[in-house]
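In what follows, chain A forms one complex with chain B and a second complex with chain C.
Let's look at the complex of A and B:
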């Protein structure tokens, strides 16, 4: 029992010393996962995020003259560690980036009380788009329901969906179940048959049962909501069972180059919807090369830097940096607070012109957030594996806002009710 | 010197059988209680509450439940996390169906459900023992987690399949959910864990505890002297699952705030088993020591490099942390295979005769 006192004393010491370092920087911690079962997909994303912030620090001296402290707190994708990291960083942080649907779920109600913006680009809870209810949560630039909608549109463009059969291969986890409400709605509307096939966390690497079912049911398309080891498992299994790759489409987290490199040319035709694209001629990459890679500060490597995930990491940090910049311009102070950043993230306006200034043309579609709309609904491109890399295979697709919006509002209201009393923003319509 | 028992005479059977025959033990416990009830809550930060104090108490309680079954009654179980899940889901259903229910009552009642499920899965223990029983409890583990996933009624048909703790009040103060203050939750957890500990100590020292120990040591001999093995084993499953179920409800309602089914999967069972084994099987104190080592130590080690100003990346800290904690577990098990509680027992015995060994 004496241990407790000693441990507490050490922890208290840590907390005291931790508070000493807030001076004159923007503390934007990242709850990274470079260890654990999902590390293979995490590392390129984390490296991309980190390199962009390091590049800003080296090239411009940070944002608005203040360096960004982009400290990482390692979670290993474990919810327990995630909450630990959140508690550790929330005192001084202006943002929290939870990086896992499980951690997001856990932290989401807390951020509403602690008043810290939670930035979950392209993941988390789709109804977070409703900024009136989820004042502090941002899943800019696109939600999972957007992804489902864009995938269905793409399929519709290939031919009428009515009477078709779509298998929905998903991780049996909050993340994999996320698009189900929307897909069910559309299945009833468009008259296609939806066949949800869950993959348990323990079966990720061995999906023979699921693919046997797919072979038996002969679906026209397989839509995949996978993560980590599940993607490689599904893709190798699809190749093995000779499923036509052209008819297999994944969400943006199922578009990792390394997963496809395992099957190489045999994976040709596999598609993944994405709101980011590795535009390798973009000016920002040259800047990162000069300021970060050549200075020896990058943790990444040549091959990884050409991949989809690394470049998505850059876009994610760009969203945060733009939010910080907007907040600084609005308040006139370089040192912003968490609630200033919320204003910034609510007033993002990433236009084509702005993207050109940032040197990121073609890496992300333009988008704009408002107080009521925290997603921005950028739309996305369909990427296709050509045997060696992902290439754009469609024009910009846009999610059907009128189908998604009522669902978002309904689910957001449900969430707020279940978590009553839930602080909501009433001032969205007022000019700020 | 500090632990001298000279001069402490026992003049009655009651005083000889007292919980603390040595006065210094009582004083030590009083000091610990003062720390737990007064000093920690006054000095702890939000971070300390959420990552050290509350989880250590909850894990210790879960390990205590397992310890009753495995350490006292000798029935090896690998399904602890699933029974915790039963408690958590039962509590969730109760507070959502009956929002007027006092949260503490709901937490204490949720143990009843897991006790029922525990007895059902304990029935095989009447026929099988040891590793074979471990497999039977493993079946409970897989079946229950599968049930948490598939039975949508359990999570109120929530699209994400996870349960989210609503804001609950007790006498006008938030005790669960995001609005609750950490110190309120800490006191609640501390109170429940304290009551449960007293209960467990008394049970294991009493008649029931003796039958459990007899069942554990030689069950045939126990049967020959007239112990009803069925009753003994099933009560062990019942009491153990009750405590574990309450720990599960606390785990989700007083600490995590949300839970998905795979949280209650086998890694959690193993974690609790490790706490019980490293702390010491057949000991109440050991559960706390084990929880401090397994739950608390990694957190403290993780904050050390930053506190000391050593510039290493957080993923490196994590790797080092895993290695150090693993090394410490091996170290403690080598110097004392019977766990930390036994280590403390030996230290105490040495202290009693120190500095004048015979």
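Let's look at the complex of A and C:
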């Protein structure tokens, strides 16, 4: 019954927001996935994103006095459907949020022609950090190579990695393969053995073969790039194989409370790098309760709202809202264009003071973007599952810029050459 | 290279027999569950010539209904009973609303209708239960958790108690289905329909009753499969893809053969695991389970187009 009520709420919201675009609003579509095999991880993220925008609309009348039309187009995490959604919504859109590395890679060349910013916070193609080459693409506040770098640093702090063996358990999908170039580079530099172990989409819930390989190879650590049902499947198998949880670390999309609740206390010690954290006493949550939850407009629930993914959804919408706000201030117009938003996203300066003003202290590390640096490289915290919830277990970790930037520049140049003629920014300097 | 292909895998098996046993056990667990799903396909195909595309979503729907009812405060085993009732209602509804109006239509129309049923159940499931991952009520159902450790030849063999339960329950269900099909009137009626529709109808076998029955049996299989797989990694719409693992089993065993589904399932479960561990991972970078079973089935089809156990169809013109 609760879900029927939620569906009615979505339908009502759709009716209010409309599928078409009316004047005097900010059309910021989201290529969401609330259905299909990955829905379990998509729903809390989408709910967080949506609730933040609804809160701004209800509390402030939108951004700069204009309401945000936060229309969702359902992709089911399917690349084909994602491209359809992009084509359907791009007409009046000031941004596109593709929500899958596969979809991001497909729409990346299109957005460079259509001149619409891609906002892919914490996902997508890591070289998108190079704003000179990828002038319309943003993976703020951290890239997958940042994640890999921070994980390796954390492991290095436990002991020299030279001579160690690291199994890289990943979804056999563009998302799962994304950190491989950086990990391979670091394996050669630091002298550890990298053992890539792919997990097919149909094997996500039955990873016995992958974990038999882990048992046979006896790696010192398992680094996981999992998504959806793969995460719970892997952690269940790790428990079964008696792999020490302390030596297993996932990327930020493999740190979902609901996945860990399936293994409960047995998953204690499992870690996940994250650029967001649920600060449950943050003022923004109180505002969302007042303006969205109490008004009966939220699709979320109390348990989900305390989790890492819902709160990350809030941060993602905050990044977009801050980009819109910066663009409005720069142009002096509330009604901004996609091109204006690109400027806004290139000039984000989310400091501790700004986070305090937004009521989001502690929810994301401070970060700053520039024309040349579209990631911001915020850094992240290592979170650990304590049997019931994720807790912070490290100070702020920062990715190794020296190691990442040359690789970003090389891969970005490679991409531009392979997709020539590729329009680049004429105004940016080299990535900073 | 030839040594890597022909010598080393077998040397590894001999060197670590405990590990080989573990591989075979994991293959057996997967295989018996593949066999169970394949049996659901075969029963419906035999009685109605329909390839049931909805088998996967039935697994999701049954598992979601079970955990959903329990979440509403219904005791675990009562939830199982109510879920079976829901699956029976679903079988009746599919027969009345979808299949009956399409009697006599080409097979492809009926196949397309099951795709429609799939899409309907996806939507209905998401509306009622939502898409969030849910925890299977393993302990509430009395399914033992934890593992049993053995040390054969000084090595290590880990048997998960819920896997042992899944194997035993699946095996019992397979035996019960075989007894039902061979020893009961209804079972013989299903087989008669599979052998010759016209002849079966002429002796008074009710097509409608049989269709409801086989779809209900497919529902029971879906529930058992949903519990077994859901206990491993939670209950979500990702469970749907598990059913597609049964497709090569059907190609291998034959769409009409009950014994083919069982033997095909066990063969694929164990062979794909052996191939992945001893050849796929060392030589091909792993993840061969995605395609191995299909290649195996294709090779079999080259020599036996009707599958290992399917009946050779001779049409006289």
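Some notes on this structure:
Going forward, the second predicted complex is superposed on the first by the 407 of 432 C-alpha atoms of A that agree within 3 Å, B and C clash if a C-alpha of one lies under 4 Å from a C-alpha of the other, contacts with A are read in each partner's own complex, and residues count from 1 in each chain.
We take it that a contact is a pair of C-beta atoms (placed from the backbone, for glycine too) under 8 Å apart; a residue touches a chain by one contact, two chains touch by 3 or more.
None of the values given here were measured: they were computed from a predicted structure.
By the touch criterion defined above, A:258 lies against chain C but remains apart from chain B after alignment on the C-alpha atoms of chain A. Once the two complexes are laid over each other on the shared chain, residue contacts for A:210 go to chain C alone; chain B is not touched.
With both structures placed on the common chain, the touch criterion links A:125 to chain B but leaves chain C unconnected. Look at A:233: by the touch rule set out above, it reaches chain C but stays clear of chain B. In the superposed pair of complexes, A:105 makes contact with chain B only, with no contact to chain C. After overlaying the two complexes on the shared chain, residue contacts for A:242 are found with chain C alone; chain B is out of touch.
By the touch criterion defined above, A:178 reaches chain B but does not reach chain C.
In the superposed pair of complexes, A:34 makes contact with chain B and with chain C alike.
When the two structures are aligned on the shared chain, A:87 is found in touch with chain B, with no touch to chain C. Residue overlap on chain A between the chain B contacts of one complex and the chain C contacts of the other covers 3-4, 7, 34-35, 172, 200-201.
By the touch criterion stated above, chain B contacts chain A in their complex at residues 28, 32, 35-36, 40, 43-48, 50-53, 55-56, 149, 159-162, 164, 166-167, 177-179, 256-258, 260, 262-263, 265, 288-289, 292-293, 296-297, 299-300, 302-304, 306-307, 309, 313-315, 317-319. Across the complex, chain C meets chain A through its residues 16, 19, 22-23, 26, 29-30, 122, 126-133, 135, 147, 158, 160, 229, 232-234, 236-242, 244-245, 273, 276-277, 281, 285-287, 289-290.
On chain A, the positions that touch chain B within their shared complex are 1, 3-5, 7-8, 10-15, 17-18, 32, 34-35, 71-74, 76, 79-80, 83-84, 87-88, 90-91, 101-102, 105-106, 109-110, 112-113, 125, 172-174, 177-178, 180-181, 200-201, 411, 418-421.
Of all residues in chain A, only 2-4, 6-7, 34-44, 172, 196-206, 208-210, 212-213, 215-216, 228-229, 232-233, 236, 240-242, 258-259, 261-262, 304 touch chain C in the complex they form.
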